[in-house]
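Two complexes are shown next, each including subunit A; its partner changes from subunit B in the first to subunit C in the second.
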Partner chain A sequence: MTITFSVRWVKYSLTFLVLAGVAILMLTPVVWILVTSLKPEAEIYRFPPQWIPLQFTLDNYKAVLQSSMPMYFVNSIVVAVGTIVLTLFIAMHAGYAVSRFQFRGKNVFLFLLMASHMMPGVASLVPTYLLAGKLGLLDTYAVLILVYSMWQTPLVVWLIQGFLESVPATLDQAAMIDGYSRLGAFYRVVLPLSKPGLAASAIVVFVYAWNEFIMALTLTSADNMRLAQVGLKYYISQYGIQWGELAAAVILSIVPVLILFVLLQRWFVYGLTSGALKG
Partner chain B sequence: MAQIELRNVGLRYGEQTVLSGLTLNVEEGEFLTLLGPSGCGKSTTLNLIAGLLEPTSGEVLIDGRPMAGVAPRDRRVAMVFQDYALYPHMTVYENLSFPLRAIKLSESAIRDKIAGVAQALAITALLERLPKALSGGQRQRVALGRALVRDPGVFLMDEPLSNLDARLRVAMRAELKRLHQQLCTTMVYVTHDQAEAMTLSDRIAVLRDGVLQQVGTPREIYQRPVNQFVAGFIGSLGMNFLTCHLEQDPTGTFLRQDTFALRVPASVAQRLVQQGGDFVVGLRPEHVVIGEGVDVDLRANVEVVEYLGSETLIHLRVGDTVLVGKAPAETLIVPGQHVGACIAHASACIFDAANGGLLATDTDGT
Partner chain C sequence: MRRLLPLILLATPLTVPLAVYAPAVSAVENVTLTFWTFLDPKKNTPREKAWAEIIQAFEKKNPGITVRPEVFPWKEISPKLIVASSAGRGPDVTLVETDLSEKLARGKILEPLDRYIAAGDPRIRDDLYHPETRIVDGQTFSLNMWTNGTALFYRKDLFEKAGLKPPRTVDEFVAAAKTLTVDSRGDGRIDQWGFAEGTARSQPFGQRTLFPLIWAQGGVIVTPDGKAAFNNPAGVKAVQWFVDLVKVQKVMPPDIVNLTYDEHLQGFMAGRYAMIFEGMHRYQNTQTSPVVKGKVGLSYIPSWDGKKPSPTPVTGWDIGIGAYSKQKDAAWKFIMHALSYESQMTNAKIAGQVPARRSVAKDLYFQSADATEIKFVLDYLALGSQEFPRTKNVDRLMDLFNQAINEVLLNDVPVKVALDRAAAKYNEGI
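The block that comes next holds the complex of A and B.
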């Protein structure tokens, strides 16, 4: 019994150590950026670097908030939320069709859907720019929302399809017999039970739209239409890098993603369908 | 109440035929059971009536109205699913009110209806619970309640008792019977449990591999099965089958195998002689009475003795066949013993050995 206990203790300790190592590896850059954002300029260039600054300052944050960055953040939020809405709207219907209906070429369709996502985004940059120009969509929220949605929809169809398939088909059938159309059954029964899938998809799409750089840089040029990730680039210029302000802007740009995670956290509840069927 | 008619209904998935040429009427207020082994097409038939599937041939009519293209919600049917299909994110009250909200009933009317149904099914105390907090029997009641609140023309039930334990199943069976007597609504019930079918139904339709074998009252199906499949499927122990050859001697005509012999009435004998070949005699276990003091028709060795409490099943070796018969519970028969058995000749069925079709029941001479 003692031997069994020791073996288990060693196993747990090793697991803990590995996980702690990975967590430290992931968090170190974030902590370093946070520390940098709170340092005055002289401290930033001090060598050897100081993990705990001798002097704390919020000047970097003040500078960021007084610049155009807040406007860029608002633009990014509008585009990201718009992308989430459009992508989820299309993908949940497509995912439902794929999860519930058998049709000729279904597997080919699913493969092509994923294959389209494997194409490098840069490959479509020039055609997308020309098309957007011809449609008069350059420097609009619409162009970014459309392009990002087009890019994310295939992935999200795959993602949502898995969640929709976990909802038993007899539930939609029961709702259809209970007096609803197929879409009515989908909205009232299947969709509420797929909240974890929708939440996961929303976060995937948000993170993509929040971080995407090339398209945002190419399809917008007016300052009032710039997104946050493009705005960050302005802290890196030919005259040098404004490390303090850049770090503060990066920390601020993490905040919306964290807020979204917290808001959607309660949707990440597994076992939503428990009790539906025999058991 | 509604009347259902299936006219030559068929369903195919590509090359696979699921149902073929099914013609069946369900009268108003009737309790009809679709009975058969797994994969015989009984649930498919139910889904065709419900509108969850469309037939590839033939048509479904409800109250004389063709149902092609009519959505499930417009067919006035309610369905209880095998797995209950309760909406897990809704409380019992919300589950019950779900179909009523679809027809935009007022909140007070919904409350009244649910109160009535909940009381009838003894689920009033469960109304605020989520399905996951219910036992199997309670879930089954809620599923039944959701069907009941709608006042449908037809109840469709897809093996609703199959997930309950044996004791609860018997209790719910009686409750369903009482419910039907009370409501007199047309019910189509799917099961593979012949005991359920026998106890609940006005009529039973037996299906096999998507083909209707026989429709009739439980008594007809039990006593005059149209073929060996139906005979073997109906009855808790199934029917004994003995392949026999026809023998004629001065005392009469007999169907014989080893020590077993069944005297065939003259009217039947004539037909059997004309047909020729081998025949299969079907005997239900209760028609093979084993014990001393009975008029012995047959003597055979006992292979297995199964004590059931109320009676004892005795497995007899007759040639290359095992014949299951019944003896009183207190019998002292043991395996290996040579015993006598009395055959209820009048209840024997004679089947064609070639195709399994019923040729005659011993008494009627048909």
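The block that comes next holds the complex of A and C.
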């Protein structure tokens, strides 16, 4: 009994130590950025650098909030939410179709879908820019939402399809026997059961849209259309880097992702794992 | 009609050239010019304020023309120009990184300016520093907007404390660097290095230290036909000297292989390095660091014999017209305004920018105490300067050159072998 307990205790301790080590490794740069964002200029340049500054200041946050960054954050939120809505709308229907229907070339279709997602974004930069220009969509939310959705839909179709396959098809059939149409069964029975999968997909899409840089830079030029990730780059100028403000802006840019993750964390973990146990 | 014929014949030679150059001089009204820049006139730094004033003055002089600045991070302007031009679009006027101007010209991204220059003020080209580097295949595609010289930034306080004078030769430089390399806590770890220059692959800048030392020996970086030639004896001598700063003299940290352009300046501002070679446009930024504020001295880049300093590498920004601009006449007007005496003085007085035109540099303002740093650069330019080479792929050239240095530092490859390999690789690529 004692030996079993000791072995288990050692196992848990080891697991805890490894996980804590990895977590510290991942969190150290974030903590360092947080500390830098709270340092006055004099502290930032102190060598050797100090983990705990002698003086704390919120001046860097004030400067960021008084700049155009809040507008860039709003733009990023609009684009990210728009991308989630469009991507999920397309992907949930496509995912339902491939999870419920057998049709010729289904596997090839799914393979091609994923293959298209693997093409590096930069390869389509010029055609996308040309097309957006011809359609008069440059410098609009619409172009970014469309492009980001185009990139994320294949991945999300796969994610949702995996999840929907874990929802028994008999439920759809039962709903249809009760008088629902195919779409009615999907919307009223299958979709409510798929919330964890949708939440997981929403986080994946949000993080992508929030962090994307090259398309946002290329497809927008006007200041009032700039996204947060592009805005961050302005703190790195040819004359030097404004470390304090950059660190404050980075911390502020992490907040929305963090909030979304905290809110949807339970569903995110469930959504990602449930698809793996289908059948 | 017969009476009119001689008049018509007489008038023809006069009207044809006028017609040809008409676009350059015609009046332009109700036009909005898109101007790609990395300086946001809405912001409050001196350089940005200067641009706001220049644009305001232009709009006042030209009531029909509005300038709409579109601001991008400085490193992103060239890639964005390439993408936009591939799609047949682009700005009316753009700032152009001097090092990349040839690449952009060859890519038909910039409009040739020769006919505008000929119809306007043909002397303007020769009024700039290094006008020859603006000519690609016989045409001029951009004009220098402002000049940045490079200098030795050194810690005046540390020099005074150690009884040192700014070095004039590379030997004096090494001696000073040795004195200023200090393990102040006595724990076997160096807290302050005499010198540093980064060769990290993400932002390599070894060329800033080494090209002047190659030029000072009469060596070249590229041949006139665009081939890499930095593996010549002058290049080998300079790189060997640089590598010895790490391996033999131990005055430069070995981690320069991971040190970037930005980190190198931050290290100096944090007091980690006692000397660096740096662009003069970054001098003001050093004064934001409480560690080195008021303690930064400027000196010329030392030479091998001390008779004359090594030439200062000149960088900066050009200004040009986008090849797909539909308002090239108005764009040219704006360029002429930006390069005017008045605008160059605005840029100098507000932003501390070194004027790009020699005639402007003669203004008495540059002899005044307000312009000490600009005068330093102007004096250095008068002693000798060179621009970084213009080649088909300048980024690749710099990358391979710095990689060769890293190979010597990390793998003990002989300098000549590493440089030969790098030059061969570049030449194969072109």
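Criterion: the second predicted complex is superposed on the first by the 264 of 279 C-alpha atoms of A that agree within 3 Å, B and C clash if a C-alpha of one lies under 4 Å from a C-alpha of the other, contacts with A are read in each partner's own complex, and residues count from 1 in each chain.
Operating definition for what follows: a residue touches a chain if its C-beta (ideal position, glycine included) is under 8 Å from a C-beta of that chain, and two chains touch if they have at least 3 such contacts.
Keep in mind that what you see is a predicted model, and the values were worked out from it rather than measured.
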After lining up the shared chain so the two structures overlap, which partner does A:265 touch, if you call subunit B first and subunit C second: first, second, both or neither? neither
Going by the contact rule set out at the top, does A:193 touch subunit B (first), subunit C (second), both, or neither? first
In the overlay, answer first, second, both or neither for which of subunit B and subunit C A:175 touches. first
Could you look at A:15 and tell me whether it touches subunit B, subunit C, both or neither (first, second, both, neither)? neither
State whether A:50 touches subunit B only (first), subunit C only (second), both chains, or neither. neither
Thinking of the overlay built on chain A, is A:28 touched by subunit B (first), by subunit C (second), by both, or by neither? neither
Have a look at where A:42 lands relative to subunit B and subunit C in the superposition and call it first, second, both or neither. second
Find the residues of subunit A that appear in the contact set with subunit B and again in the contact set with subunit C. none
Please give the residue numbers of subunit B that touch subunit A in the complex, ascending. 50-52, 71-73, 77-79, 81-89, 98-99, 102-103, 130-134, 136, 139, 146, 150, 163
Subunit A residues within the subunit C interface of the complex: 41-42, 45-48, 125-126, 129-130, 133, 217-218, 221-223, 230, 233-234, 236-241, 243
Residue numbers on subunit C that touch subunit A, as the complex places them: 34, 36, 38, 40, 42, 47, 70-74, 76, 80, 83-84, 86-89, 191, 262, 265-266, 269-272, 281-282, 284-285, 288-291
In the complex, subunit A touches subunit B at residues 168, 170-171, 173-181, 184, 188-189, 192-193, 272-279
